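Same chain, two partners: chain A is paired with chain B first, then with chain C.
This part shows the complex of A and B:
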């Protein structure tokens, strides 16, 4: 009996593992995004305005495929030229807990798309919108804001920091369990 | 001959030329040389009436007590003859005043002092202050705020610095990060003209200090890490219009190479080398910027300026010698026409910009008087060039170098070390010196009293890995991962293969601090 139970157990585990991550195989090809406003501050008189969210954010954020694509694009679009591999240089560091313009997917997406006044260039019409979302998701993973099951793993080259899936979880970092 | 050996003494004694063992203990040897050879020179200079080595009088006139340009004079000696402060009274110095620039960024600009006024230009936002030194506390006379574009900070590769202003004919000339050259009335701070000559949207900034020569303001651009094509412009000091522009890559016509161009070495001879030593069109985004120092010889009517690194850093994208990057031009001061060129680092692999200062000196070389320029270069060699022809008289390392194996004095060519060739997907470790060079822009000084050149240098090595890179105008175009590590003898670092810590680290460390080196 025992071997049978073990077999059943392992079979069910294997089957469970077969549940595939959702991936949009036909991403939006259009350049540019909807002109949805993105807040640059959380200070709102009276606090009545709901912060706009984009339903795309969630579908990109914890998705292993999009995260690894974001990692590739981070090099290809020269993000690494300014932000290094997250440690910063010409631009601010991305692997720390400081977010000048907010840590939400929407804020990072807006930063890449529209630029920021002190030197972040606008990549509007240079990077397809879905790829901006992939970049935003990867940028969040640099500081441990992505599930380790989805974040990219080790590089095949010079290791400049622990791989993204080994970054300390930002949600629990510095807090007692 | 005696005087010739003196020069050898300051650019590296026989011990230094023995490169293999010198590599390990070089730093200590070098700095010891600097200190030890001082009495030698003093003793020698007692015999001839004139100093053996001295800057040309026209380029370094007797000190008038003013400091009108960062390099002090056209010969770039950065030496003050003022003697009120000496060994006896230096202990009595006290703080007379302090002044905060209010900018917490790299301060690379030497102040100017003209009469009783001190002029300071800050890093971005490039505010110019005039301080009245005749009154206690040095109160501010005026300030001028050019309000440069904040976005310029995003294309300034290596901090939002400026390397200073220049004074001439009652005017202060300076550059802003967002690509303006501005002339101010030195008495009132009122702007006289403002010339917009560089475009941040293609990655250009200006960080260098202008040099004013014969009514022209010489300015070069920065952006070697952004695929910016390098140039030097001469602006009319009267109204700011551009008199000439000399590019550092591209067709001869745009580089201002004409019939007067007579380079010394065969490698620099040929038509349109600024195009043919690149893959098609790559020269348009190939760097060779001029963000460092310019010297001027009034007797020869030549200006001397270096050219920055080729872009991108990843050398796989630009096979060829990549003229005219990482080299030095001598140009006619009036027309900008190139007279000669020498390439310190053909097909640069390690970001060895060629923009350091050149100190103009007259000296005896192997028994004959020669007009030379002395250049501690980023690639690790102290070059002595004949400044009338561009011939290399001497090129010896002044610190740990393993990225190359010396300079062939017959062909003038740097001898590459095949073990340190970089490329895409390849990790090369322990390359010395590092990308910022054995010595970066931080200028050295020459004392005619001691005959010594005082060199502030870096002692760092690096690991490099070439990666793919795409050119997007106005964004970084580098293609290299770099990890910097302490150089040999810097500190008691864990030993790594190929680089051994020195036998006597504490002593070495002491000498470092004494010579003010190891600054980045």
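This part shows the complex of A and C:
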């Protein structure tokens, strides 16, 4: 009897490896959040905007797949052209703890989708909505705002700064003097 | 009953052997490198088969001659022991000779492969991406440098030098009818020389597991006579054809307004993305998505409407387009000959 139980246990353990992460690559509405108005002013209560209706912040920000997709798109869409790998150039730095428009996923999503004054272009209709959420999640990981178990761990090319999963955790240590 | 089983067996073998011919087969060589390798494959297989049969006979003999070996084991027979020792020594010697011989054969075949491209006039840079091939024709005149995707046109009968690299993970370039495989490694440039003896289309396949769509990462080598190849190169250097119908014109504008423009390039328009296949002459190619779909208006629409259904996990995202917008973009792309 005992060997049978041991066999069943090891078989069920082995079968657990067949579980694969579900990746939602076919969103219902690819440009989903078009109903939101474009901002015409920077004056918003608390620098924040109310969250959009199809909020993907919660499911995207701790998901390793979406974070690494965000990292890939950050390179593909030449975000570094202005933000220089997160260190800042023409555009503000993304790896410090300063946020002009708030540090929430929703604010970053709105920034990418609708643009901001002084240079940030609007990517509405140019980037599918899910990819904007992925970029927003990755931008947060640049400053240690993503769980290190999910943040990207390596670059496909030259490493310009320590990988995102080695950033100090923003909630505890990430305060610069 | 036995007769029927043997007919079934023969049919199955015949069907299997069908796989050895055609546009993607190492046993149906169409170039000097592949011929060299095919000869090696047959010679190794033949020689090893002979050795295997001899070993099997040597193993079977004691079983069949059991009665003669039933002598009293306690009686010493120096003559028999010496004979056995001699047989074993001869077998060891033969094994050593065969192994060294095969090593030398493989070494000289490699020398032949390395010499194929020593006078190559054409250099093509092939970059592996998940999951497609970027193809760049090098030329001393910068305006003649050509970038395309997934289809590699070469002049037949001339050696061509391929520089292989990758931007993401390790891929491997393998066109069995023309040459052996060679890896595309990020941060490294590997050199592979190929030559097609006759004009034709030879299929290639990524041969190093590179992710979800590894199986759908095909390429085509299209060997043509030199004059036809030069004409093709000149055609490909032209900017994209201007759309003629109203629908195609609308499609061209939509292409620039929608996510297409973020990744793809169309020469002669503001679309200049370099992270996805160059679409300047996309309709002149025979397949879509690295050999996944044949080129047609219907397949273009399928690929744009549901890339994640055709090639799940590929980096082509699902883009929200209305039916009319999709039709317009397809009409535009269809005209990019």
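Here, the second predicted complex is superposed on the first by the 125 of 177 C-alpha atoms of A that agree within 3 Å, B and C clash if a C-alpha of one lies under 4 Å from a C-alpha of the other, contacts with A are read in each partner's own complex, and residues count from 1 in each chain.
Methods note: contacts are C-beta pairs under 8 Å (C-beta built on N, C-alpha and C of every residue); 3 or more make two chains touch, one makes a residue touch a chain.
The shown structure was predicted, so the numbers you read here are calculated from the model rather than taken from an experiment.
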Message: With both complexes overlaid on chain A, does A:77 touch chain B (first), chain C (second), both or neither?
response: both
Contacts of A:118 with chain B and chain C, given as first, second, both or neither: first
Task: Considering only touches as defined above, state whether A:23 meets chain B (first), chain C (second), both or neither.
output: second
- prompt: Is A:85 touching the first partner chain B, the second partner chain C, both, or neither of them?
  reply: first
Message: In the overlaid three-chain picture, which partner chain does A:126 touch, first (chain B) or second (chain C), both, or neither?
response: both
- prompt: Looking at the overlay, does A:147 come into contact with chain B only (first), chain C only (second), both, or neither?
  reply: neither
Message: Under the stated touch criterion, which partner chain does A:157 make contact with: chain B (first), chain C (second), both, or neither?
response: both
- line: Intersected contact list for chain A, partners chain B and chain C 76-77, 126, 157
Message: So in the complex, the part of chain A that touches chain C is made up of which residues?
response: 23, 25-27, 29-32, 72, 76-77, 125-128, 130-131, 156-157
Field: Parts of chain C lying in touch with chain A, wherever the complex brings them together
entry: 167-169, 186-187, 257-259, 261-263, 273, 275, 306, 308-309, 312-313, 315, 317-320
- prompt: chain A touches which residues of chain B in the complex?
  reply: 150-158, 225, 425, 427, 463, 465, 467-470, 472, 474-478, 481, 483
Query: If you look only at chain A, which of its residues touch chain B in the complex?
result: 75-78, 80-82, 85, 90-91, 115, 117-121, 126, 157-158, 160
